[in-house]
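The same chain A turns up in both complexes below, where it pairs with chain B and then with chain C.
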Partner chain A sequence: MSSFAIFTQIIFNGLMLGIQYSLIAVGFSLFFGVLDVINFAHGDIFMLGAYASLVLINLFGVLSASGSSYIFFLIMILLLSAIIVGTLGVSFERIVVKPVSKGPPLMSLVATLGLGIAIREAVRLFYPRGSETKRFPEILSKLLGNKSLEFGGVILRYDNLLIIGIGMVIILLLAFFINRTKMGVTIRAVAQDGEAAEMMGVNKNLIVDVTFFLGSALAAIAGLMNGIYYNSIIFGMGGMAGVIGFSAAVMGGLGNVYGAIIGGFLFAMTESLSAAFIPKGSEFMDVVAFGVVILFLVFRPHGILGEKTYERV
Partner chain B sequence: MSKNRKLGILILVLVMLVSAATVFNYGCKPKEAEKITVKIGFIGPLTGNNAKMGLGGLNSFTLAVNQQNKSGKNKYNYEIVSFDDEGVPQKGVEVATKACSDPDIVACASHYNSMVAITTVDVFHKFGVSSTVWGAVLPDITYGNDYKEICRVNGTQVEQNEYNAHLMVDELGFKKFCIIHDTTDYGRGHLKYFTEALKKRGIEPMSIDGVSIEQKDFTTILTKIKALGPEVVYFGGLTQSGVLIKSQFDKLGVKAQFLGTSGIKSDDFNSTLAEHAEGTICMLDGAPIEKMPGGPEFKKAYEEAGFKESYEAYGPFAYCAANIIIKAVEKVGPDRAKLIEEINKTDTTDIIGTIHFNEYGQNDIPLVTAYISQDGQWIPWDDSLYKKGERVLPGFAYREGKEWINPYKAP
Partner chain C sequence: MNKKSKFLDITKIVVIEILLFFLLLIFFKIESVLILFVAVALVVLVFIAFRIYKKQVQSILNLFALNRPVVLIILLILLILYPVLSPIIIPRGGTYWILILIQTGIYIITALGLNFQLGSAGMMNLATAAFYGVGAYTAGILSLKLGWPALITIPVAGIVAALAGLILFIPIYKTKGHYLALVTLAFGLMLVLAADNIEFLGGPQGLKNIPSINLFGYSFLSSLGGLHFYTNYYYFVLLLVIITVVIFHRLFNSWVGLTASYIRDDEPAAKGCGINSNFQKLLIFMFGNFFMGVAGAIYAHMIGFISPPNFQFTQSLLIVSIVIIGGMDNILGLIMGAFILVVLPEKLRVITEYRIMLYGILLIATLIFRPRGLLPFGPRKYESLLGFRKGGRSDVE
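Here is the complex of A and B:
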């Protein structure tokens, strides 16, 4: 393999990770935007998405389907897992997050951390043999075969290309929703100034619900993608994913959806490139990636696209 | 009838009833109930990522204790107190301290994870409680200290990796190796001993990459490895990371033999990876269960006991650890200090064959068996279709520049 081929492969791998990180990071930014809380249970919502998809795959007997019904089932799994986890996200928001959102930030921090642990342990205890790694079926390989695009030693698997494609479409739909729909404008208005938006007749409770539904549904889709990509899931997978998603949102600018997307890709590329090009990089890639997050916090705390805020005394 | 007389009759009746009950009880009560109950501890990962290994160990340990209690030959009755170390060092120290703080627990059988076992050796030493390791393979657990409290039934990474290198280099003729290891003490131990075994044969690894046990994505490392074109990719780590690495290894089209250690010898590796597990080689201490002197009986008794979980790779060692502790208690009584001395003198035979603890408390009769994943099962290398030449090893096909056709058939 030439150096260019290695570089291309690493960039492609980074893109695969970046899509997943971005979809998680968007949730952090949305929640922070409308409710000023950092939802540390969001990583575990992502894990719920992966498990919900696995349950649906088994429930529908998807693997025994074929042809157009197989494609129909795949779309149904994507939509249903997003709807189920989105609804759960709204429930958690109403029961745990919103009641503490007006209190000191420490309260919401502890409450959401606790919620995350409760979700994780519930899966471990109540999912059949929940403490074991679960095999996630290669549902896209069945559709596309184990084929790939190969050039100069670079392997771009069709299923991975499809995951990137779906991720990109979702990001574009999200951008359309945020920019071009009335609901999107309202979310932006609440994020900019919640009180002013309420005075203009915006139902803030509804907007918060919609935002949590949207953020949780996107995390569920990221969970499904993660399952398809790695072919295995485990109850503890949300812990690190949550920390990375939050870090990506901070890098991009907490509260800014596009910043979160950029942050997700930036974090993934930092990981991939440091593992590849720094000596013993695989041992230190997390140190490098989180080191970059610290640099952002010190030198550009508002992130790449976040706005500077000043508090007048 | 005077009041005193009534009272006298009542007392007499009560005395007679109590006497009758005592006599009846003496005649009917089984003999075991008179025995003193001795508590022995079992520590392993009963929850978390390695729960399956821990539960397999606990079940096997329970089987041995139940058999001993039912035999009727022992002076004492034995009760297990189990502790969950979750495969996490801090938790291991916590439960080891808890076990040692209970004066009724006379000795323990401890740990599957090396990084947990290495952190608790000082705890057992400080409290003066014998700990017979049943699953952890890091050599320093026994060889890295002079604590009499620590003994080990199973082998270590030294023998495993020596055998690993012997099979791959001397027997199968591979010469180009890339190494991935997890960055825990366990993974670094495998790296050290496998590299030493390779160097003895004049081979330098083409690359060495350390990975965190939290890491999920290995595509960058595997891309670099793919570019180097090794014949064998060795992984020194546990099943959870091993599953992810092997899956991504296949997806990236790395054309090499995948080689593991005892850390991936679990049913989970095969069930989670399915066809992607096919052709993977790993090592395990001891003989295959069918070839152990008492293996078939153990397997039959385990199945009859109706445990939900499999006994897994280290169950037979946990079974032997229970027998070693019980044998020592029978000889010197439930005395912690005397038990340390007695367990150290172990020279016995059990289902795994001869067990002899050397001056470090290490069973020095090492036996290592190579396994290959064949149709979703770990089959001893010597019995496999690959050894017999009926299937082609992935590493052989790639070495000859051919494509390897996966012959996996779902079990």
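Here is the complex of A and C:
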């Protein structure tokens, strides 16, 4: 393979992972914006997304459908799993995250870690044979076949291309929502100054609910993508995903949605580049990526797009 | 106070402590799930009774507070007697509970180190288990490859863990709060991943056959007066726990502890008062890590086998929750937290499957209903710091 081909392949892998990481990181950034809380259970919400879509696929018997109804089913799965997990996210927020967010910040961090454990264990215990790795059906390759786009030695699978496309569309929709709609403006207002926004007549509780719905739904979509990409899911997959999502959000600047997206891609690129170019890279890629995160925090503690804050006495 | 009432007070304390001690032993002995639930119901009833008879409870607490040396001496005697009594009272599994208490002791040492960072200085450290692992691996490598005796490996392990903390000195200077939490979390993950992939450290198989502690020719594997060999470790860990508690108690009441609290509560103000907060934070971080390393080394010598999964993030989370559930910056609360989070899950082994989920729910419930922990720390009392003792007035509070 030519070096061009290798490079393209690496970039492609990075994009593939980057879409997923970005969608998770956006949640961290949104929640931090409106509630000043790091929701460590978010990784497990991502895992719930993957399981919810698996349940839906089995429930609908999607694999036996064909033609245009198949496409309809796929869209339904995407939307339904997002809605279900979004609702779950809102209920977790009401029960756990909001009550603890009033306490000291480190307490809320530990409480959400506890919530994550509870969710993970609930899936392990109550999903049929939940402690095993579950096979995720290749729902996209049925639609597109096992074909791939080839040029100059580069092999890009069509289903992966489709995932990247869908992810890009979702990110554009998100940007539109945050920038152009009234609700998006309100979310940004609450993130900037919650009290001032409330004085202007914003219903903060509603905004917090909407934000958690949005963040959890995006994580659920990331979970679905992860399932399709790796063809297998397991109850513990949320732990690492949560840490990566948080890292990406911090790299981009906590509280900034675009920052989180950039951070997600940056983290994924670091991973795939170090997997390719460092000896024994695939084993050490996370070591390198987390090293980069630490360096980032040292040299740019407020992230790429985050606002620099000063402490006043 | 006349002699007679003093004697009466001491008798009361002795009776109450012995009663509590035997209740604990009986709690260890219970095996049936049903009786366990009855016991839990009783504990709840006792708590409700506490609410109703506030005055009496307060008078008992005062009694304990006024006669602290007596309380501590009796407690020490009971703890020393424990390994002798345990196999007699609990014929089945008595030694097992000694092991659990040793583990509790090791966790207490680790959590005390973390408490100094998190509770006193407000520095989140989510790499606790990784630093603990650094200590364990150091002890393992030194005793396996170089044949050093445990008396040297344990302090060296502590020092290496402290130096591992030194690597993070720039992040400690520059970050705080959530960001420091992420740095330490990432660092901990890096260390575990690295240990998993470095062959010198045994990779995923870890290190096997780490020699047991051998103190001046006395092997800790020999049985102490016919008791199980765990008893040696029990006394060793007990001694270390006492030393650690004394050190941190003294530190808390010293200018170091006060400086740490100042940095935690208002760092810019502390800087304004001429405190070199960066240097202090680094010292506090390294000092806390030292104890994590020591605890890890004891663990490595006792169990004889270590591997990367022992030092993963969930372990750090357990230690952090010990500090937070007990109440930050509070040694008594921390010991209570360690008992709740280490001993209670062992008891819950009967419902093995649901254990971890219950642990998560317990964590959430505690933080929702008592966001500052079970025994939150009140305002500092400056008596000992300013040099006046009992009876002296403390104007500053």
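A few points about this structure:
To be clear about the criterion, the second predicted complex is superposed on the first by the 312 of 313 C-alpha atoms of A that agree within 3 Å, B and C clash if a C-alpha of one lies under 4 Å from a C-alpha of the other, contacts with A are read in each partner's own complex, and residues count from 1 in each chain.
FYI, contacts are C-beta pairs under 8 Å (C-beta built on N, C-alpha and C of every residue); 3 or more make two chains touch, one makes a residue touch a chain.
Quick caveat: nothing in here was measured; it's all calculated off a predicted structure.
When the two structures are aligned on the shared chain, A:132 is found in touch with chain B, with no touch to chain C. When the shared chain is aligned, chain C comes close enough to touch A:104, but chain B does not.
Of the two partner chains, chain B is the only one touched by A:237; chain C is not.
Contacts of A:96 after superposition on the shared chain: chain C is touched, whereas chain B is not. More chain A residues lie in contact with C than with the other chain of the pair chain B and chain C.
Once the two complexes are overlaid on the shared chain, A:147 sits clear of chain B and of chain C alike.
Contacts of chain A with chain B, set against its contacts with chain C after fitting on chain A, overlap at residues 280, 283, 286. Contact residues on chain A toward chain B in their complex (touch as defined above): 1, 5-6, 9-10, 13, 16-17, 124, 131-135, 148, 150, 153, 155, 157, 160, 230-232, 234, 236-237, 240, 271-272, 275-276, 280, 282-283, 285-286. Within the complex, the chain C residues that touch chain A are 118, 122, 124, 168, 170-171, 174-175, 177-179, 181-183, 185-187, 189-190, 193-194, 196-197, 267-269, 272, 313-314, 317, 320-321, 324, 353-354, 356-357, 359-364, 367-368, 371-372. On the side of chain B, the complex with chain A involves touching residues 47-49, 51-52, 183, 209-212, 214-217, 219-221, 223-224, 226-227, 239-240, 243-244, 247-248, 251-253, 268, 271-274, 276. For chain A in complex with chain C, the residues that touch the partner chain are 32, 38, 96, 99-100, 102-111, 113-118, 121-122, 125, 239, 243, 246-247, 250, 254, 280, 283-284, 286-287, 290-291, 293-294, 297-298, 301, 311-313.
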